[in-house]
Structure formats: C-alpha cells, structure tokens
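Listed after this line are the structures, all set down as structure tokens.
In what comes next, chain A is part of two complexes: it sits with chain B in the first one and with chain C in the second one.
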Partner chain A sequence: MAFINLQNVTYKYPLIKTPVLQDINLQIDEGEFVAVIGPNGAGKSTLCYTLAGFVPHFFKGEISGSVEVAGMESSKSTLDEWILNVGLAFQNPFNQISGAKYTVFEEIAFGLENIGTPREEIKSRVQEALKLTGILDLADRSPYSLSGGQQQRVALTSILVMQPRLLVLDEPTSQMDPIGTREVFGVIRKMAEGGMTVVMVEHKVEWIAQFADRVIALKDGSIFLEGKPHEVLTSDALAENGFGISRYTSTARQAKKQGLWKKDRLPVTLDEAVEGFALTLPSPEGRGQSR
Partner chain B sequence: MHERLSFYIKRDSVIHRLNPLTKLTLVLTLILLSFFNPWYWTPHLLVLLAITPLSFVGKVGAEYFKTALRLILPAASFLFLMQAFFQPVGVDVIFKFYFLDVTRESLMFAFSNAMRVFVMVSAFTLFLLTTHPSELMSDLTRRGLPGQFSYVIISTLQILPQIQAKAQTIISAQRSRGLDTEGGFFKRAGSLVPLVGPLVLGSLVEVEERAIAIEARGFTSKSQKTSLHEIPDTGFDQALRWSLVILVIISITLKLWLS
Partner chain C sequence: MKIEIKDLRFTYPTGLEALRGVSLSLETGEQVAIVGQNGAGKTTLVRHFNGLLKPTSGSVSIGDWDVTKYAVAKLASRVGYVFQNPDEQLFSRDVITEVTFGPHNLGYPREKVDELVERALSLTELNDKTETNPYDLSPTWRKMVALASVIAMDTPIVILDEPTTGQDAVNVARIAHVIAELRQEGKTVITITHDIDFCAENFERVIALAQGKVLLDGPAAEVLGQEEILAQTYVDPPQLTRLGKRLGFKEIVRNQEEFLNVIARSGR
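So, the complex of A and B:
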C-alpha cells in the first residue's frame, strides 16, 4: 500500500461555500520527492495542510473521502500523532520563528523539547541538522536578526531535526537567492534518497525538473496533470492554462514553430536549452574571447 | 531592530549563577521585609546594605545605578511628595503650604513608603538585570508552570519589538503615499487610523500562521517536555531559599509581637 493515499478527498473551509480541494486521488510512495505546482488559489497550501493533518484537525471545515499517511488515517487519529510522523514548513519564515527562543540553536531545539527528547540527544541532533542545512555559523544568533532566506533555512532545519517520515514544504525557498535555493534542493533530495518522503510546493520549475521524481499540477482544487517532471513541465496544456513555465520551454516552443528547435523534447533548464539550440544555431567563432 | 524587551545583562557572577527561583525568592523576601518589619529604618537599610551591594556582587552596579537614577528615584520622589502633602496624619506641623499641612508624621510615613517602593522596584531591577527571561521561564515550567503561560511571556517579550518595527514600516509606507502625520492633536490621532488597520489585521493573520508553525513542532504534544539547557539548582540554592523564608517569618512575627 502506498505511503500516502488520498481517496476522493473534497474539502471546504468553514464559512466558504466552494470546496478548495475537489475529488483528489493521490498515491505517493515512501521516499518519493513530489513537487506540486499551480496558480494562486489552486489549493496547493490546502493540500499541504491536509497531508500534515492540519486539515481537518486544525482548520475544521468539511472533509469527505479518506486521507491516509504513514499508516494513519486522518479521521481516526489526532494532530498529536501526525506531528510525530509529518513535518510542515511553509512560506513566510517570520511567522515560523516560535518567538520562545533567543538563539537559532534553541529555536531548532524547540520541537524536540516539546516531544520530550532527552537533552544529550537534542544537542547532537540539532548540531547535525545545522550542519546539514549549512547554518552552523548562525547557531548563536537571534532568529529575528536573520535575513528572510536565512530564516527560511532555520524554519526548514527546525522541521528536519524532528526527523519526520513525510516532509511537507510550502514554497520553502521563496526568499532565497539562487545559491541558497540550489543548496536547499540538494539537501531535500538527499533526505528523499535517505527514505524521507517529500511533498513540496514550488514555483521554481527549473529546479523541480532537476530534483523531483514527480510533478503534480493543481488547478481549481483538482489534479490537472501528473507525471514525470519533464513531461508535465513541457506539456502544451500547462502553458495554455496559466501555469508558470520555464522561460527555456517557452522560448524553445516558439523556436520550434520557426523550425529552429529540432529535438522532440522541449527543454526546462538552461543546460537542456543550450544543448538543443547548439544543434541548429551556428556556433560562434572564438566563443571564449567574445564573451 | 535587535533591541529586545529585556534588561538582562550577560555577565558571570555569583548572582547570575543562582537558580532563578532562588533569585525570585530573594526579591520577594526583600519586598516582604520592607513591609513587615519591626524597625522603621529597615527599608532604608535594605537598600543600602542589601540591594546596592548585591548589584556589585552581580557585576551590574553601573546598570543598576542608571536605572535607579532614571526610573526609580523620580517615581519614589513623586510618591514621597504626594504623601507628605496629602497624608492627613499627625499634629506636629512642620510647615504649611496654602491649605496643606506637612507634619512630622506625614513626612515619616511618606519617606518610609517611598523607600518601600524603592526596595520593590530596585529588587526587581536587580532580578531582571541578572536573570535571562527564558532561563526563568524554563525553570518555572520545569516546576509545574503551564508551558503555554511561559510561552506567552517569552514570545511577547520577543515579538513586541517586531510589531513596533512593523508599525514603523507601515507608517513610512503610508507617508510615502501622502499621509500627513504632522500637525495638531486631532490630525495626528486621525492619521493613526490607516496604521491600526493593517497592523491589527496583519497581526491576527500572523497569529494563525504562528499557531500552525509551533503546533507542527509539537507545542501541545502530550509527551513530557524536556529542556535543552540544564538550570542548576544546587544545595546552596535550596538552603538559601529556606533561610530567606525563615527570615521573613521571623520578621513578620517580630512585627506582630512588638506592635
């Protein structure tokens, strides 16, 4: 049986008439790295909350269908149990700083203290997690004195340290620079290879193409497309329905109409684009000097 | 931006190393002694012979004097003047100020009350200067204070300055769009309206997100919480706490017995 199993899930927030999630069917295996894309209001964050148990345990509202994660069934378990298996980090890093701690080290230890981890184990696990996400040098700083990107790393680290079996991330790199984004994607990929299941909402499609195992495109609360990253991200339907797509894909699509793109596959990343255009465009003489 | 609502000064001293509960007991003892004691001069002696020397033992003497001069002394002086003039006790009039009599008794009374306030505030100042708020809270939580309670205290101390900073950002934003914040009282009061809306609504949204964030980290988990830092509670601490309690009892008994 799949690690995550959603059957006909429909969900309505309290006081809102239209459902935010409509008839979602989704199976995800353990250790899979799944990226979720979609326009604003597509239900991406609600899907995250559902997987993390906050829908319906925190938000209330009406839910139908069945949600199963890591052998737990949402209707038969409490948020308390879910938290031990599922970690959630979301977009705004400022609101994820607990406010109860004065240093980054203590901030990351907060979750472990709450679930009653012994002191020595807390220390070693926090140390390890700080090393993993590359913020060991921030350990003694106040979490409020950090930049947005650094706070996002702290938020991610404070969830990773709890070693959840499922990691749910809602735009965890939105305030990071390209180098930070690459590092974080690298860390998450490594966690997935170590057996952690990852579901990540992300707009940066070029990174998804390189790191994710599968892409789910949500639109108006339903699954619009699902499949291998490359297939989904380069499909014509995606571009026609208001999804954000890679600039390399749209450039190559235009070029294809002009007969300048010869490959079958459209590119998502810069490297793929360079490789494809190299077939048709004359290579400039002495490229090294002219740049 | 980095300013926090905390008086704590990080130094290494005997006082800093005491258990927070011991320090709290010491503060309460000083306050109780200044109210319930058999001798008139007790509060004055407490300031001179206990609190002031302790501030030097705790290596926060300079900060203590700064607070005392700027905050405690003006407040205590004000209280002294009010009580000296308006306390209708005593017959031994020293001087008259229009219809107000200042008597020897009202002066004595005002002086001792002002000193009590001085003891109270200065003892707490000393406590706050030498105790890290999170250390105090985790120690009290370990002794059975609900976790939610200490969370509210600590997070307020940390988040208030952030809200202040946000208010400043909103004011700047509104000004850049032409809001006039200069002028008379009513104009200034009116210009607060476009500030309050975004600030309050924004904070409410933040509260929900923060609730989710700490919930995701097991804040209301039913398991027994642990603490990253070990807060030492030595035999000396315990002995000191008991002696202080005994001291208070003796002082109250003497007071009752002698009066």
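So, the complex of A and C:
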C-alpha cells in the first residue's frame, strides 16, 4: 500500500465551475522526494492543499475520488488528525507567520506548543531545527522584521520542527538567494533520506534534477508527464507546453540542431552539460580563443 | 532621471543596521539589477528611492529632489515601486480600478489616464480580467496586477522587487517584455532579483549587495562572472556562465547566443 494514494481525484472550489484537479491518480512511497512542476494555474497549490487535508476540509468545495495519506482517508478524518502527520509550507510565507509571537524562536515553537509537547523538548527541537535550516542567528528577531527569503526559511523551519511524516512544500525557495536555495534543497533531501516523504512544488529544475526522486508535471489540473527527473525534464513536450526548463537543456537542444551537441541525451544539470559539450570542444587549450 | 546615493546608512528602530554606507549613481534610462543574499539590504535600499524609508545618514536624490524633503505621495510621480508581495499593495475591488488609481491620483488628464491604463493592461495581458477582483486571481496574476498598476503611472523610474518570484516561464517572458518596453521608452528600471539567469538576460548593469554594502557594481558580464566574490553574498553566476567557465572559455558568456557562438567557433 502506497504511503500516498490518490485515486481519480477531481476537485472544484466553491463557486467555481471548472475543476482545478481532474482525475488525478498518484501513488507515492514513504521516503520519496517528489517534485511537482507546471505552469501557473496548473493546480499545483491545490494538489498541495489536497495532500495536506485543506482540500476539502478547509476550502470546502466538491471532491470526488479517494485521497489516502499515511493510512488516513480524507473523507473519514478531520483536519486536526491530518496536521499531526502532514506539514504544509505555504507559497507565501507572510500568510503563514502566526502573528501571535514576538520572536522567530517562539514562532517555530508555536506548533509544538499547540500539540502539548513538553517544554524542554520544545526547546531542544526548536534549537535543532534552527540549526538545520541555518537561521540560528535569527532566533531573537521578530518574524516581521525579516526579509522575504528569511521569512521563508522561518516558515519552512516551523513545519520541519513538527517532524511530519509527509512534508508538503509550495515553492519553498521562491524568495531565497541562489546558494540558500541549494542549501534548502540539500536539507530537504536529507529529510527524505531520513524517511520523511516530501512533495515539493518548484520551478527550479536544475536543483530538482539533482535532488528529487521523481517529477510530476501538472497542466490544466491533470498529470501531463511523470517519471524520473531526467526523463521528464528533458522531454520535448515539456518545452513546447510552457513549462520552465533548464538553460542547459534548452541550449543543448538548440546546439543539437546545429550539430554542436553530440549526445542523444540532453543535459539538465551543470555536470551533464559539461560532460556533453566537452565532446564538441577540442583539447582545453584551444577553447574560446578564436574571437 | 538620475538617482544619486551618497554614503547612505540606514538603521531600523530595532537597531538592525541594514545599510552601511552605500554610494551609487544610476543614470537616466539605465536597466539595473540588484542581487544579493537574503537580508543584504536590497529592499531597504530601494525603499529609500520613493521615500518609504528615510536615510539615517547620507543622502538620496531623485533628479533634483532630495528624498527627505518630499513626501511619498510626491515622490510617487517620479518613482513607481512594485512590491515584492502584491498583497501589500493591492486594495481595489477590481483590476481596472486598481490600475486606474495611480495615474488618476497623479492628476493626469482623463484621456491620458485611459491611454496609460489601456497600455499597462495590454502589456501585462490583463485585458480579459479588468472586472475581476484581484484577490480572486491567483498570486501570480496578482503580481501582474501590481506591475500593471505601477507602469500605468508612467514614472521615469520603475522599481520591481522580485518580479519573477513564483512565475512560470510564460509569465517570466512577459515580464522581460515589459522591461524591454520600458527601456525603449527611456525609463530607468531597477529590479531586485534572485533569478540570476533572468538577470543575465535582461539587464546591462548589475549591483551585488552584501551585508548592507555594495560588493560589486558593473556591466552584467563582468559582475556575474565573479564566482568567488558572488558566493560571499550567496549568489551563483548564471547557468550558462558557469557552464562556460567549467568548459574553460576565456570569455564570460551570459546567454544562449553568446554561449553557442563560442562553441561554434571552437567546436571540432
């Protein structure tokens, strides 16, 4: 039995005529790191809300098909059962900060306090989580005095500290600096290796290719492509349908047309691109000299 | 319209020293990207240009105006600022009202207001959403509404704070197109971004900030090639720049065209 099992899931928000998710079938194993990509309006956030129980328990609307996560069935359980197993980091961190806490430390402790975790344990877990995401130096700042990217790290940390079995992340690095983004991907990979299941909406395909186990490409509420990151991210159909692709892939695809890319397989990551283009170039001394 | 910043320092009431002596001059019609680590002071810096923040010491002038002597409402005629988070900016019940508010408020004649609104809506491809409440749109479209409502003000200086955040490839291309249009019109565009590939492809000048100071400032190709220095402020060079470097290119390439030219010349 898969850890996440969605069968023929179709969902409509209240007052909106067209379904945002259409006949989604999806199985994810425990400890898998799955990235979700897709154009704006593809249903990515709604899929996150569904996995986190917000659809339908919070947003209401009409849902059909079955949603099972961590042995819970959506139609037979309540949101407060779900939150013990599933953590969701919102797309906009401003929407997630509680507004009830004065410091980052307290903000991150908020969830644990709410489920009645003993005081000493809260302290050590918050400390540990702050270290993990590299924001120990922000502990005493007000969550509202932080920059967008820092706030995003706080939002992520406040979910990680709960140690959910399923971590759902909706563009968790959208406001982060580039190297910070890579670090966060590394942290999330580590969580997945520790057995946490991760579903992450992201546009940054270079890092998806390096860190995720599987990619799901959504379009118009349906699964458009699904598979190993490399396969999905280099597919011609992706580029032709408004999905973001890596510059390495698009450049190699163009180079191939001009006979300047010699391999069958297109690259997604820097290493793959270096390896492939090296075949086109003469020995290192001659490169880039002719002007 | 020139922006002149002299030894700008800013300390938040909490004691946080966000800017520690920034001096820059931005010429009329320049397209400038500001990059740097989260918390480097990027947003704090640009919020001085339209008077949302006032210098703790040092000075900022917009054309012949010293920002400390003019109200935000007045500065709005010279500097348009698109917030990082559209939810901090939008307040109207429908898109058309939102986009009309700025130019109307600046006192332009009615025909000019209509013309500016029309142009802003078509540039951002919001024409079919004019009657929609911005909060019924997805966050990504709300960002386009925020952008439209500022470009409709026709200010000589436009600031975009992380315009591509959360946008798909199609919308990023749309934003790049808007920036190109503004360049054509001779406007100064200052953009904060973490999307370094977008930065390399759309801006001539790049300023890297680190811990409240200018770390690098110069032509994009020069700045974005400085891998070790950029790492100090948590920025990677663009993908193709990194690739060129790894392949041993002698020159710094910024985009696909430049990259393929080098490959074509030296390929076997």
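Note that in this section the second predicted complex is superposed on the first by the 283 of 291 C-alpha atoms of A that agree within 3 Å, B and C clash if a C-alpha of one lies under 4 Å from a C-alpha of the other, contacts with A are read in each partner's own complex, and residues count from 1 in each chain.
Here, contacts are C-beta pairs under 8 Å (C-beta built on N, C-alpha and C of every residue); 3 or more make two chains touch, one makes a residue touch a chain.
Remember, it's a predicted structure, so these values are computed and weren't measured experimentally.
After superposition onto chain A, the modelled positions of chain B and chain C overlap sterically.
Residue contacts after overlaying the shared chain place A:92 against chain B and chain C alike. Legend: residue contacts after superposition of the two complexes on their common chain; A:260 is shown touching chain C, with no touch to chain B. Applying the stated contact rule after C-alpha superposition, one finds that A:163 touches neither chain B nor chain C. Look at A:280: by the touch rule set out above, it reaches chain C but stays clear of chain B.
Touch criterion not met for A:77: it reaches neither chain B nor chain C. Looking at the shared chain after the overlay, A:145 reaches both chain B and chain C. Of the two partner chains placed by superposition, only chain B is touched by A:119; chain C is not.
When the shared chain is aligned, chain C comes close enough to touch A:244, but chain B does not.
Overlap of the chain B and chain C interfaces on chain A: residues 92, 94, 142, 145. Against chain A, in their complex, chain C makes its touches with residues 12, 14, 16, 36-39, 42-43, 84-85, 87, 138-141, 162, 165-172, 194, 196-197, 231, 233-236, 238-240, 242-244, 246-251, 256, 259-260, 262-268. Across the complex, chain A is touched by residues 1-2, 4, 132, 134, 150-151, 154-155, 158-159, 162, 206, 209-230 of chain B. Of all residues in chain A, those touching chain B in their complex are 49, 52, 54, 58, 79-80, 83-84, 87-90, 92, 94-102, 105-106, 109-119, 122-123, 126, 142, 144-145, 155, 158-159, 162. Residue ranges on chain A touching chain C, taken from their complex, read 38-41, 91-92, 94, 141-142, 145-150, 153, 171, 174-182, 203, 206, 242-248, 250-251, 254-255, 258, 260, 270, 273-274, 277-278, 280-282, 284, 286-291.
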